[in-house]
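After this come two complexes, each holding chain A, first together with chain B and then together with chain C.
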Partner chain A sequence: MKFAKIIFIIFALFPFYLSAETAEEQGLRIAKASYENGRGYTDMVSDQLMILIDPKGNEVTREVSAKTLENLDPNDGDKSLTYFKTPKDVEGTVMLSHTHISDDDDQWLYLPALGRVKRISSSNKSGAFMGSEVAFEDFSGTDYRKYEWKFLGEEMENNETFYKLESYPNYENSGYSKRISLIDNLNRTYKVDFYDRKGELLKTLYLEDYVLYKDKIWMANTMKVENIQNKNITIFKWLNRELDVGINKKDFEKSSILRLAD
Partner chain B sequence: MNLEDRIEIFGKILVNHRIKVILGSLLIIFTISFGMKFLETPSGYRGFVEEDFKYYKDVLDLEEKYGNIDVLTFVVKPEKGNIFQKDVLSLIHELTEISWQTPYSSRVSSLTNHQYTTVDGDDISISDFVDNVDSLSTNEIANLYSAAVLEDAVVNFVMSESGKIGLVNINLEMPEDIAFQEPISFAWEQKNYFEDRYEDIFVGVAGSAQFSHNFQSTSESDASKMYPSFLLLIIILTYILLRSVVASIISLIVIILSILPSLGAAGWLGFEVQPPLITAPIIILTISLTHAIHMLSIGLTNMTEGMTKNDAIIESLKINFVPIFLTSFTTAAGIAGINFGDIPAYSEMANTVVIGAGIGFILSVTMLPAMFSLLPINSRKRKSYVLEALKNLGELIYKFKERFVIVITAICIAVFSLLPNLHFDDYFSTYFDRVPEWLEVKNTVDPEFGSSFYIFSDMQSNEPDGITNPEYLKKLDEFESWLLTQPEVADVSTISDVIKTLHKNMNGGLDEYYAIPDNKALIAQYLLLYEFSVPYGMDLKNQMTADKSDSRILIRTNNSTSMESVAFNARVDEWVNENISPFSTNGVAGIPIMMPQLFVENTRGLVIGLLISFTFIIMVVGISLQSFRYGIISIVPNIIPFVLGFGLLTLATDMVTAAHQFAVLISIGLVVDATIHFLSKYKKALAINLPPREAIQYCFRFVGYPIIVASICLFSGFLFLTQSMFYYNFIIGGMCALIIMIALLIDLLLLPALLLIFGKKV
Partner chain C sequence: MLKKYIISFLFVFLQYLVASQNAAAIDYKAYGFIQPEITTFFNGDGRHDQSNSNQSIFVKGTFITYLNNGNQKITINTTGRIDEKDSERSYIDFQKFKYEQYFDDITLKIGNELIFWGVNESFNIIDIINQSNLAEDISGTKKFGQPMISLNYNHSYGNFDLFIMSFFKERIFPGRNGRPRLALEVDKSTVAYESSSKKNKIDAAVRYSTVYDDYDIGIAHFYGNNRSPELNVNPLSQKLDTYYPILSQTSLDIQSTKGAWLYKLETLTAKNGEERHFGIAGGTEYTIYGLRETTSDLGIIVEYTFDDRNDFAFNNEGVLALRWTKNDIKSTSLLAGLVADMSGSSNRFFAEFEQRIRDDLKVFMDMSINGEIDADDFTYAFEEDSQLTLKIAKYF
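Showing the complex of A and B:
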């Protein structure tokens, strides 16, 4: 009889479980919305400036241009081509990368001075990108599916209300223990705090200069990363960003970058 | 009115207002003592140098470019065999993972997370050298050694060449003014945890962070272990010497009250509790004790001869005021000479002792007589075996004065001939050899790795992206090759090693490509590729500047003496001057360069300090005795203890370290005390027209016992310092104790003979 009672109670309470969204579900929902907010194009081209500023204020600027192909397959990541322009010695270097949700990314690099394409497989890409404060995983890891999410509540900053989300990387070898993101009511990410492996605040990312493309896609054209621990700053700027210019999908295939070596 | 009358009036005022004197003194003492709150935690080896010391600035410049130089290292050594065993690798793997949790850590490197590149044609695969230990077969594990030993970045950096020891290196980015307490506590927790879990594997904590922390931990353990037992020793000693419980209590109160405000003043002045400062209270205590013994023993003697308590202490004050003042003054003058050295921690110690000597003097002539007058004191007559023996000694010296002088001179000349065996030098790496845990780690690491210390150099190409210039890399390589020929260098790591490895890996992993390519663009592209593939905390930021104009050279050193390091530094500068152009560098920097240079500068300063202090003391003695002749005579018994002391030192070592030099400055002012007492009494005896033979007996009767007692107090105090965990404190204690004992013998045996021969005229 007791057993039946318990079953009854469980069934009686069940509807509540269904209606109440947990913090995890709410977090995932917002993260997903935010991610999708920046999607919905087929391809994109842009020039990028990367400015490295050391604690003394010395600046170094690097230039690249990039093409990105959005992957419509929900179980796989985007493809991108990066052309390095400065410093002069790396001009003509091209990187093709196929990101994946669960597997390691595929990466090919064409080195003009060597005249060859090298395939690099590395399971651990949490290191700094070109001497900057941005890690490779910060780029390849924008996909919400690479994290576990949790909604922490709402927070005021600069007279604006943000959703505050916590996320934990669910892939191995991440340089982070967690991230705290602030997302505005248009689902645009405003700020992300990165915590290192020992749980200390490592760096803060600010996303600025949001531009609305195609009336539906919000993209930040400035990204600023302040490393709290080593006091370095990196600024990324997107210039001449264009969407849906009609790039040939074949450009993103391994065979096309291999042709560069011929 | 002469001085004695003034002192008598002063004594009477003291006795009449004894309560006010005691309370007033207490109030002032506690106010000053309050400053102890502000004593600063030691900043490790960095507190050992002046902030504007050239060789420290070199380190700071380097840190500004490439990050903090401090490293915390786990040393892993299995009891049997090498580290290529399943459990040892598991331990290293786990320890590496947990090391990321170390407070203030920025990088962790070990054999397991070493980024290992395998090449298959144009496919390059980069992964952790050891990842899943459990999945490896015994055979695979055994094969790892032959792969590891070929990796530049592994051998001598995270694994010894023999494979017997593995290291986990943690780079620390410490904020300014934060001590290593937190990372060290974390490391020791891990050490204990892993040693518990893996019984046959030794895990030790090393690196410059532990070295630096030793300054703090030895200060703490010295203070907590040495002070209580030292107090006990003092209580026993005063009771034996005074045979009066109340008198012992008085002396104990006075000496403690002279320590507290000294440390308080040290706090107000912002001094750090470095290991040298720990010796200050013991030295102050011993000096104050000798004052108290002089005052009390004469006071007690006067009482047994029938004086009232107040008269007895006023009479004692009359006899002792000037000698106590003079001896405090000479002690302070000697120790103050340490300020000519270049080690702030020792200057702070010296200045604390100087303050303590001043306070000790004031309390001995104010609070002590007031308490003596206030408290109930009984005195028993002492048996005078000592006086009897001294009397016989006096007779003996009178009879054989020439022989005494000749024999002692002969001994001195014999010992003097040993002195050329000594030379100025030291090993900074021995500072903590008396800390068992540190010594164990050192003895594990040093035979396999040379030492646990690094030095650094920074080579500038003088243009953005200049480090990808093949000429630059070849020069770097040349510098590295030259460095490797130096005996002080165990291994070298440069960015050119990275480029050579990349070149090899980009060309199918063929060994013939392990070289610097002749194409600047190619090198730049290699670096770009490399930067894409490194994991968190393994980038090249600690090896090159963001604009790629300069790169850092990492040098693992062998243990060398200070003089060897200084000579090495000079050879580096010479090589650099002749060969480095068109590139530039500021030479080498790091703890193994800074500490030896500090030693040299410090020695130079201390020699000057010693000359000034010694001249000053001799002048004070001459002036106070109002005799040039006695001034000259006093030099002899004050130099011989040092000659003999250092002569005997040759039996133990040939090195005169900074600690030995400090010992001279600390003891010089104490050694003259006995001479002052003796000479002043001898002069007084001649003044009342005693013949020389009687005059010597007069001296022995009046100052013989106090000189012996004072020397015993000082000897015990310094001998006590030899318990210190800090090697320099140990040496200072031993040397001072030795010198003071020799000085006592010389004052009792040679000085009377000299006075009998040369001191006839006033």
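Showing the complex of A and C:
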């Protein structure tokens, strides 16, 4: 009899338990679904343009090409190999990065002027990437497990309804106190507001030109970052993005940097 | 003679490789820069009556092409300089002129190559494969390409490298009008070797390197003509005679990367001719990111080197340097520091500033100020050579 009672209580509580998903759990669920939206790409090659625009409207363009390898181990991060083409004085620079979810990333840099491969510190989370408005942590911090999440509700923008999520970095040395993300009903991130350590709005990221790859993976081919404080704008464009091209895993080892280097 | 044949063969072979590809399909990268330089010296004419100014033009050109779906690579990397005052400083060198063949885990390389070993910022004591050009830069960081055949095997336990080298290149020293230069001239007509094969001696080296967690580790052994000659005063000519002993050097290099802290160590034991010596160099680099809530970083570098040879120029030296990087669109950076002889009172201050001023132009300013230098220190010859060099690089 006692046993039946327990079962009864469990069943009675169950529907209540479901509806009582906390704002944190709901936030985590949506963030996870959004992250998993971009998974399963196996590997990727692309050319990237980075356009830096100052408040006066002056523009400079930087070009890199990159290879990325998805880590099939869900508890470890992806690997990427980036080749810098412009500005001309950095042409031939190669950066290899092994990202980790809970640990600092491993990074190596080949600089043509020095002719050597250097292991570099990756604890520079908040630093600017190549003088842009994009911080290193914006690249390495795409994994939902690097944040605490909270669902804030739904919000209308441009006649579309978005999930509104708040997130706080749970790694050290972040330049952000929080981020507010808008995610659409296909689990694609539309917009992210970044707040600096003092809690002031620092910059807004817009993700545009979403393309569906392999019938299941949504990737944004344009990212625009508007810095609210210094009025600079950085635009990233992915060109010639190809997924699942069959890149050799060994291309992402330290010794392979020299195969790309000059 | 043999060298000429090999170079012609390599040249014809490369031409054949390129010609055998579909001409339209050849994908190559070519880039480089030309860099005029002006130097002014603060203490008037030099101790050896050198001029108080100098002008120079440095050029570097790079050509890379991949053939056969990226399984073969040809790299040409040429540097050269025309110097107003010092003919020893005018040169052209194929730092890299190599053909590479990539197999799954193996890389085969033939030709001129630059190989760097080590982890330190300042005292690269284990770096031995390439010859230094002291006329180009007295600190020895500028190197000449070394002809070699090399094999690299990439195993899951790490990387194994084998280098077979020949056609030794003698060290280049500043000439009579060079500034800075040694007190006495180096006599290029009296070069002697321990090896009876002299320049044609076959040198060999092996290296094992691996990455384990936060550690980058390398173990290497080199056997061949020492790149660094003994300099002996010839009482008749009052010039320096060079003698290249055979060097057998075993080295270890480790870098540990712990967050914003880098710990570096290079150590070696070597038999140079008949005598064995020991050297160790290392230090730490700590970087403060986002200095005072700006985008700037400040790195603090402390390095020390010790060598148990009393007559060795760098047997007990330390460096303290600061590296400031603004992380702006112009890639502005400044490296400044102090090099000091810990067993004497000799010291030197240096500063290197660089900034991109246009997409294809970069400006560099290098300053070197000598403090008091002990008369028995070999750098005493450079005491009055404090200088400022302005360089502008035009990239194409």
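Operating definition for what follows: the second predicted complex is superposed on the first by the 237 of 262 C-alpha atoms of A that agree within 3 Å, B and C clash if a C-alpha of one lies under 4 Å from a C-alpha of the other, contacts with A are read in each partner's own complex, and residues count from 1 in each chain.
We adopt the following convention: a contact is a pair of C-beta atoms (placed from the backbone, for glycine too) under 8 Å apart; a residue touches a chain by one contact, two chains touch by 3 or more.
In this text, all values refer to a predicted model and were calculated from it rather than measured experimentally.
Trainee: Both complexes share chain A, so when I overlay them there, do chain B and chain C fit or clash?
Mentor: clash
Trainee: Let me test your reading of the model: by the given contact rule, A:109 touches which partner, first (chain B), second (chain C), both or neither?
Mentor: After superposing on A, A:109 lies in contact with chain B but is clear of chain C.
Trainee: According to the stated criteria, A:254 is in contact with first (chain B), second (chain C), both, or neither; which is it?
Mentor: A:254: touches chain C, not chain B.
Trainee: Quick one: is A:22 in contact with chain B, with chain C, with both, or with neither? Answer first, second, both or neither.
Mentor: neither
Trainee: In the superposed arrangement, does A:128 touch chain B (first), chain C (second), both or neither?
Mentor: So A:128 meets both chain B and chain C here.
Trainee: So in the superposed three-chain picture, is A:95 touching just chain B, just chain C, both, or none of them (first/second/both/neither)?
Mentor: First partner only.
Trainee: According to the contact criterion defined above, which of chain B and chain C contacts more residues of chain A?
Mentor: After superposing on chain A, more of chain A is contacted by B.
Trainee: Now for A:173: first (chain B), second (chain C), both, or neither, which partner does it touch?
Mentor: After superposition on chain A, A:173 lies in contact with both partners, chain B and chain C.
Trainee: Superposition on A: which chain B stretch among 78-86, 132-140 or 492-500 collides with chain C?
Mentor: Only 492-500 shows clashing C-alpha atoms.
Trainee: Touching chain B in one complex and chain C in the other: list those residues of chain A.
Mentor: 52, 54, 60, 87-90, 112, 114, 116, 119-121, 123-128, 131, 173, 175, 197
Trainee: Can you list the chain A residues touching chain C in their complex?
Mentor: It is residues 52, 54, 60, 86-92, 104, 106, 112, 114-116, 119-121, 123-128, 131, 173, 175, 197, 250, 253-256, 259, 262 of chain A that touch chain C.
Trainee: Hey, which residues of chain A end up touching chain B in the complex?
Mentor: So the residues of chain A in touch with chain B come to 52, 54-56, 58, 60, 84, 87-90, 93, 95, 107, 109, 111-114, 116-131, 135-136, 173-175, 196-199, 229-230, 232.
Trainee: Would you mind writing out the residues of chain C in touch with chain A in their complex?
Mentor: The touching residues are 29, 31, 33, 62, 64, 73, 75, 77, 95-96, 100, 102, 104-105, 107, 114, 116, 118-119, 152, 154, 159, 209, 211, 214, 216, 255, 257, 259-262, 287, 289-290, 293, 295, 297, 327-331, 356, 359-360, 362, 393, 395-396.
Trainee: Which of the residues in chain B come into contact with chain A in the complex?
Mentor: By the definition above, chain B touches chain A via 64, 67, 100-103, 105-106, 115, 122-128, 173, 464-465, 468, 506, 519-526, 528-529, 531-541, 544-548.
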